[in-house]
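Working notes, structure below.
Naming follows writing order (A, B and C), and every chain is counted from residue 1.
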């Protein structure tokens, strides 16, 4: 009786360990399939982003497959979990790149995980399309296997610095940044442009990725005399910081990186995040069309990462269609993409395999939603 | 009195530890108001017998009856409620708790009113404990701790008190005090089963005694008779030595621990 | 860095005591369970997390606002926590009572992973908004203006251990719990049903974790599936600071840890908080293995 119960407990334990540790395993190679890996945080604090990646990629794959697929093949999306951890990212990348049935990979959420994984894709000659990581230097490494459809963070950061100092005339600025490759690099571009514009950084505060209690930073903010606060953050940190600061009685205008754009931001932030300003690459009709598809399927507004993932699949499919379905052919096909119609609008890779972006829109949280901002 | 049903009866008790028999077919009785001693060498099975009676050690065979009711299979924590309490070897007071808390725990199975009455009784018996009521029990001297351990057991107002080596590790003067106390309790009519290595002292206070040797009872009878028997004198009282003079500091071979 | 003025320091101390109060409750529950069962309850942080989610679920059913809502949320947390504690004690600890010591430890680690993944699966691993209607705003404290919420959390984290202390020292059940922790066999000789007492201690300890989960939810404004991990780490750290098995020490250790963290974050950098805290912990363990106040207070549990 007792022994039976112990065995039962061990079975539960083993199940739990399996549930914690596993990603989806790749199936057998199938020549009628064009297999694309989607990798990102599928579990843990940032799992929301992994889900955005998966949903965006699957939505695009369904659409393309319904229209007959690519070069006679059906696109199949396989997801992998790197838990937003650099060590895990490298080992998952190894697993993906050595699976001969996979012809392209897309994802790794943060710049840090992309940096950890990109040499592995190069040495195993598998194209990687980056769909969120925003450090400009990622595409300045001369790694010809790495492409990026999402914008670099300098663009958004500089647009926000212009808005705050030039357009709104707010000079005293506090900056909070996530202490990661993403946060540090975005902060650098923001601070450089803001000071060049004549702004003054009155508080410059880093925080750790797992921070939930911002008390000590907020006390500094309370006493810094800032007119504007800029956050190089993801939605989860930004929403906590803003709510805790408002609870503590901080009065300043809030601005944040485009990385915060997610339906969860106004949902969790509630009244506290009303009026927060951010920026996003300009959206065309194609974006709206995909957003409508997404809404009808998932009943929620898509984050930009859904659109980036969608566009990445479109780009890979176009490359395979034009140049062939081998890894190398897809790499060559991607490099040649110019003015391809994607969810993002016309997509062109520059000589560094970085998607070219022209204009930015400012968004404000109003009535619980991100809406175009009117000055 | 001897024809009345015994208050406590141990009947053919056998105890095994991992297949090895520690106590084999031990039978003994305790009448109302009696003080019975169980003596024997180290490892003879004295403590095991007491622990089995108190429910701490499973009974492999035989039975224990308290006023005719079997205690076999009754969980240890339900036995005090039935009127039998063991004062464990080594005193085992709750050192980090106050003297008062220790006593209140002794009356755990009693109603609040009974506990307060018990407290008065115990404080009357041990004025020293009253003085130190707020002190942590671990800060008491060895003798005071033994008083506390006995006082704590008396809080349950038991029909039978089992005492496991109450003199162990105490200074000779204090040993005297402990046995004085046992005499007083005996005079007050408390029924007691006493396990002791200090056979000389035990036989001096007991009405009757049993001698346990390697798990079996080898001798039994009135304490005075056993104390006078050559076999007991040779084996347990130190051969050729005279009985201890009253108040004397002589120690037997067994209680040097 | 902001100038070091009295209002700033008061603000910092209140922040430290609020989060420290949460650590103290977690640590107190952990120490109580450890004291009675002699085994670390690694799923303690998950009780905190699950209860926070359960209370979030019942909040809409509490139509009251103001202090009454806060009080009811705390009471609900205690009830859910105690229920979770009873289930874990019955389901994990009691069946393994006779098994080797490592068995319950492995089982609670498994339970920790299981609960975390279960909640992540059911509720998603994103943040969930957790807001209580009271307390809001700031109150004046000397020359400083500090969030009322933090004062209330600190107050709660003082009142509850004080009530527990009274219960443990003034009631027979409390004495029985303490006796069971010190010497279970002798406690049984007193007539204490130690299995039941252990279950009660487990339930109380888990209720404390549940209350802490709700307080931290209110403090941060969110709850999330992985929140139990840091609670376990911080609670464990606090018990080590206070001395394992020492209830007063657990509370003092939790408060000290909270204040120390805020001071390091304020005057060194938030980046280094955890590293410095653990460095100090290692030094402390080397110098005073029984905790900062391990020996100063003789009354353990």
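FYI, a contact is a pair of C-beta atoms (placed from the backbone, for glycine too) under 8 Å apart; a residue touches a chain by one contact, two chains touch by 3 or more.
What you see is a predicted model, and the numbers here were worked out from it, not measured in a lab.
The largest tally of C-beta contacts between two chains is found for A-C.
Note: the chain lying farthest from subunit C is B, by mean C-alpha position.
Here the chain at the heart of the structure, going by C-alpha means, is C.
Mean C-alpha positions place subunit A and subunit C at a centre distance of 35 Å. Remark: subunit A and subunit B have CA centroids separated by 76 Å (rounded to whole angstrom). Chain geometry summary: the mean Cα position of subunit B and that of subunit C are 44 Å apart.
Those residues of subunit A that touch subunit C in the complex are listed here as 2, 5-6, 9-10, 12-13, 15-17, 19-20, 43-45, 47-48, 179, 205-208, 210-217, 219-220, 222-224, 236, 239-240, 243-244, 247-249, 264, 267-270. Within the complex formed with subunit C, the subunit B residues making contact are 54-56, 75-81, 85-86, 88, 92, 94-97, 101, 104-106, 108-109, 136, 138, 152, 156. Touching subunit B in their complex are the following residues of subunit C: 169, 172, 175-176, 178-179, 182-183, 185-194, 298-301. On the side of subunit C, the complex with subunit A involves touching residues 1-3, 5, 8, 11-12, 15-16, 18-19, 92, 95-96, 98-99, 103, 106-107, 109-111, 113-114, 116-117, 120, 124-129, 131, 136-138, 145, 147, 149-150, 219-222, 224, 226-227, 230, 262-263, 265-266, 269-271, 273-274.
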